[in-house]
Amino acid sequence: MKKKLYSEAIYRLLIIVIAVFSALFVGAILLLIAKTNPLTAYYVMFTEPLSGKFGLTEILVRAAPLMLVGLGIAISFRSGIINIGGEGQILIGAIFGTFIALTFPDLPPYILLPLVFIASFIGGAIWGGIAGWMKAYLSVNEILSTIMLNYIAFQVYMFLIRGPMIDPKEVAYGTGVPQTALLSKNAWLTRIIPASRLHAGIIVAVVLAILVYIFLWKTTIGYKLRAAGAEAKAAKYIGVNVKNYLVLAMLLSGGFAGMAGAIEVCGVHHRALESISAGYGFSGIVVALFGGLHPLGIIPASAVFGLLIVGADMMQRSVTVPASIILAIQGLIILAIVSSQIFFSNIGLKEKIMIKLKLMKSGDKDDT
Amino acid sequence: MILDFIIGIISAGIPLAAPLLLAGLGEMFNQRAGVFNLGVEGIMLMGAFVGFLVVLTVGSPILGLLAAIAVGALMGLLMAVVTVKFKAQQGISGIGLFMLGWGLSGTLFRVYIGGITSITGIKPFSFPLLGKIPIIGEIFFQNNILVYIAFLLVPISWYVLNKTAWGLKVRAVGTNPQAADTLGIKVERIRFQCIILGSMMAGLAGAYLSIAQTHIFADNITAGRGFIAVALVYFGRWKPAGIMWGTLLFSLAHALQRSIQVYGINFPYEIAVIIPYLLVIVVLALSYKSQLLGPVALGKPFIRGSRE
Amino acid sequence: MSEIISKLEMKKITKKFPGVLACNNIDIYLKSGEILALLGENGAGKTTLMNVLFGLYQPEHGKIFINDKQVIINSPSTAFKYGIGMVHQHFMLVPNLTVVENVALGLIGKRIFKLDLNKVRKRIEEVSKEYGLSVNPNAYIWQLSVGEQQRVELIKVLCLGANLLILDEPTAALTPQETDELIVLLKQMAEKGRSIIFISHKLNEVKAVSNRVCVLRNGSLVYEGKTQKHSVATLAEKMAGREIYMPTLKEKSQANSPILEIKNVFAKGNMGTMALDGLSLTVSKGEIVGIAGVSGNGQKELADVINGISHIERGKILLNSKNIANLAPQQIINKGIGYIPEDRMHEGTIPSFSVKENIIMKDYNKKPLSKKMFLQNSIIEKYSQKLISNFDIKCPDNKTMCASLSGGNVQKVILARELSRKPKMLIAAYPIRGLDLGAAEYVHEQLLEARSENVGILLISEELDELLDICDRIAVIYEGKILEILDRDIATKTKLGLLMAGIKNEKKAI
């Protein structure tokens, strides 16, 4: 039995490694098309961030929002609903949090920060909940609605930071950069390593990841959420109100993305500005899938993609290939991961490969 | 004045419908065969970029369009391998393809072009005589050639789907692939063909934006039009005519929104821009009942021997 | 038209699936004009063997000969070319296409453009005339009844020029009378020189229709010979490999106090029509009441409304004289109704959940399995281990996904969960469908034991044998009403069959 589990784990690891390598291989071709030597580009991308304090802390700075968005996406996928709206939910969360922080600048941090996070959670939850509600009660395809809500959120967000919530200084100086005023220090997350941008948000994210794990697998509500996602018919019969649980899943999913907005505002920029999200809504999907839709997998996954994103920035500087290539590579990784699922779900294929790799003898049968 | 305003909106709206129509009809073939291709947005972006680049360097709009169609086919092939061969979850695969197209077109744009440049591309032309008819001429006979092609594809798509042997196979594959399989129809091959055909049309739709509509390329130039096209397939109940009405509704709303800005009516720009996206959500909510009429096997990979 | 198949041979066919040897070195042959029955339990390898012949699966070993020439059949279209046609157990028709279009699909082959539906229509008319199979070629499949759909399937394979017909469990959804008609038709076809392979696990039909029988067990051919030489009982023994005594009811139920009373219930079905149309029925404690009927006459809706999955429009459902109609499913569960759903993979269990998680499906939010929202893992662990051993559920461990268990074991998970909750009333919908005889025997034993513990049981089934074996009374459902209730001593297949077809005044007819 133990040996079986061991070879099972090796197989799993092998498939994922192959999937990632094939994505990177196609990525290398794309880099060639972009007139870049893929070997130097990848070398910079994967090693440079690890070679100093700046890179290492930056990885974690990126990992925190990725982890939160990824957790939210894991909750929604586990509940049978595909939330592509992280991007919009981050923005709405950020603006809700910023509003609270700007309105009550004098509250002590231990009150203000929780308030800001709660507000961000609510903002993201509303944005996700709309899509959830429409999915549950109007059968609106959630992928399309969340994408549309992304575009809408962006415009609403821009309208607010360009208009009603713009930094008065920008108006006074006539520069007109779309951003809000700087938050009072009471709303700043503590920097945990001096002379870096690494803030306490990463700790918040890890704690939340553990809570999500307990929530999904150790509580009755989590059981119901997963049941509703895995088999709506059976869940309905045992008394789970599947529609309401869909909405709940999207509220939570949106809420987590919203908190990622708060982390960026309170931890990194200390104000709401145009490029607050930096594509975390989409990268979060990759993180969630890469982490096996499991909170404890998402923790390391978010570090891996934090590395990639920081690496891509460094690559842009030293190899002069635009950092946007990382978006394409992430797209390839998604395609590779979803394609690799067949090697787990098709038991015949899996056996054939495992026998070839000598992870299993041909006589071994599944004891079922 | 009012009449001019209305004519202005209609004549501006019709060419705006063309890219949505091209992409929407392409997506219809995908979905009728049972594949939900959300990568349309990414394919359009690549089509827009490659088409633009070819026109900029070679100068020939025809070559630009062909290049866009070819890059669409290539991305369709990737989508088909992932969703048909590897039987991957279609919705997420589409998002992956979208990110690929978005990231790659943005990167290559910065590498090969760098900044905003404009091209001549394809210009509208006026039909002799017909174009001079008041009102009607302005609305119908002063467009670029791709607009006519797009609208001509509506009856052609209908005919292909309903009156040809291939169309019958497509409809069967999207509804009961197991049954089609037992009749010797190659389910996977039909799905490959539909995805690639649909993606070629999406590539063309993208090129329309850069070559025929705006004459520039900018990062994320499609601004969600690919996703809107997918939504319109639901709205049009998987029928070419229905999709055409949907695209017209959209493009007229779009033209109206532009006119409002042009006429200087005091309205925040961002709110006006939201309108089409809101409209998609409303349209999806209104067409939810029609989903029962859709291809039953939509979104489900075909696995021989499984009953579902 | 392809060449007449005067002799078909399948030699040493072996087909493997992960963990299963579906066909092991099987030899069968068939001559023109012959009806061969392929008999075996579920999972014996009948369908796999035929899918090999039809080109859907490629065997690991073995050869196929037609008229002494070796052929390689690697796709259904090759099978058609050789004149082999198959009617699958689950009809292979595209619901939103017309009859003509469905037939045309098989005829167009590699063609891309030309689609001449008139020619196809003519061909359909010829075939339907020849065999007296009437059907409206322009009707959409979804408009047709199950019987009509089967006719379309037959017409389809005949239009495609099949000389050899494979029929996989063709009577599964037919009334006894429709079955008789089909048997007559098949004999006619055989007389005209066509050969037929008839797959079934129903012994009476095999006896009635076939000239020769091949019995498969666990993927091997265990017997081959003339049908008439054997009785139903000996065939059953060959099929199961041992003598099987399906448990039957010995003594009549004494209990008389009603546990479940359904009074004049009206409920809408999926299509918005009245699927239950004034249905009334009473089940007493310690009694098994069977519901017989052709599927689609309200059985599904009946099970759904009793369990609160869908609502009733009018009427009453009383459990122990208290109305439970339109309560939430959970409330009904708590009042003591157990349910073995028809769809055991999607309604009875959550396939991607572990055996453990499926066992606690109805009690996860009750003490002691959970406390204040938190699942109590150690208690759940012990509880699930106990049930797994009590009900002899075969699984590597309690963390195994239900999806990877066999049908019989999934049903045991459901039985374990439902029966260990000590229900007052149990609804069992098609509890042995698709199970092998051993598992079916086990399910029936469990139901009878529950009956002896004074549980009222409502058993919905299409298999008349099952109902006649273990029911105290059998109610026939027709178009959403109970047409008649027969006591076990007077119920016969003929009577039930006529009632299932909606014919009530059979007394006069006989």
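Every chain is named by a letter (A, B and C) in the order it is written, and numbering of its residues begins at 1.
Operating definition for what follows: a contact is a pair of C-beta atoms (placed from the backbone, for glycine too) under 8 Å apart; a residue touches a chain by one contact, two chains touch by 3 or more.
Since the structure is predicted, the reported quantities are computational estimates derived from the model, not experimental observations.
Note on connectivity: the fewest steps through touching chains from subunit A to subunit C is 1. Between the chain pairs A-B and B-C, more C-beta pairs are in contact across A-B. In this assembly, the C-alpha centroid of subunit B lies 45 Å from the C-alpha centroid of subunit C. A straight line joining the Cα centres of subunit A and subunit B is 29 Å long. Remark: subunit B residues 38, 42, 78, 81-82, 86-89, 91-104, 106-108, 110-111, 219, 223-224, 227, 230-231, 234, 268, 270-271, 273-274, 277-278, 280-281, 284-285, 288, 291 touch subunit A in the complex. Residues 163-169, 171-172, 175-176, 178-185, 296, 304-305, 307 of subunit B touch subunit C in their complex. The touching residues of subunit C, when paired with subunit B in their complex, are 51, 54, 56-57, 75-80, 86, 88, 90-97, 101-102, 104-106, 108-109, 111-115. Taken together, the subunit C residues at the contact with subunit A in this complex read 17-19, 307, 309, 328-331, 333, 339, 341, 343, 346-353, 357, 361-362, 364-365, 370, 373-375, 377, 394-396, 400, 404-406, 409.
Residue ranges on subunit A touching subunit B, taken from their complex, read 30, 33-35, 82, 84, 134, 138-141, 143-145, 147-149, 151-152, 155-156, 158-159, 162-163, 282, 285, 289, 321-322, 324-335, 338-342.
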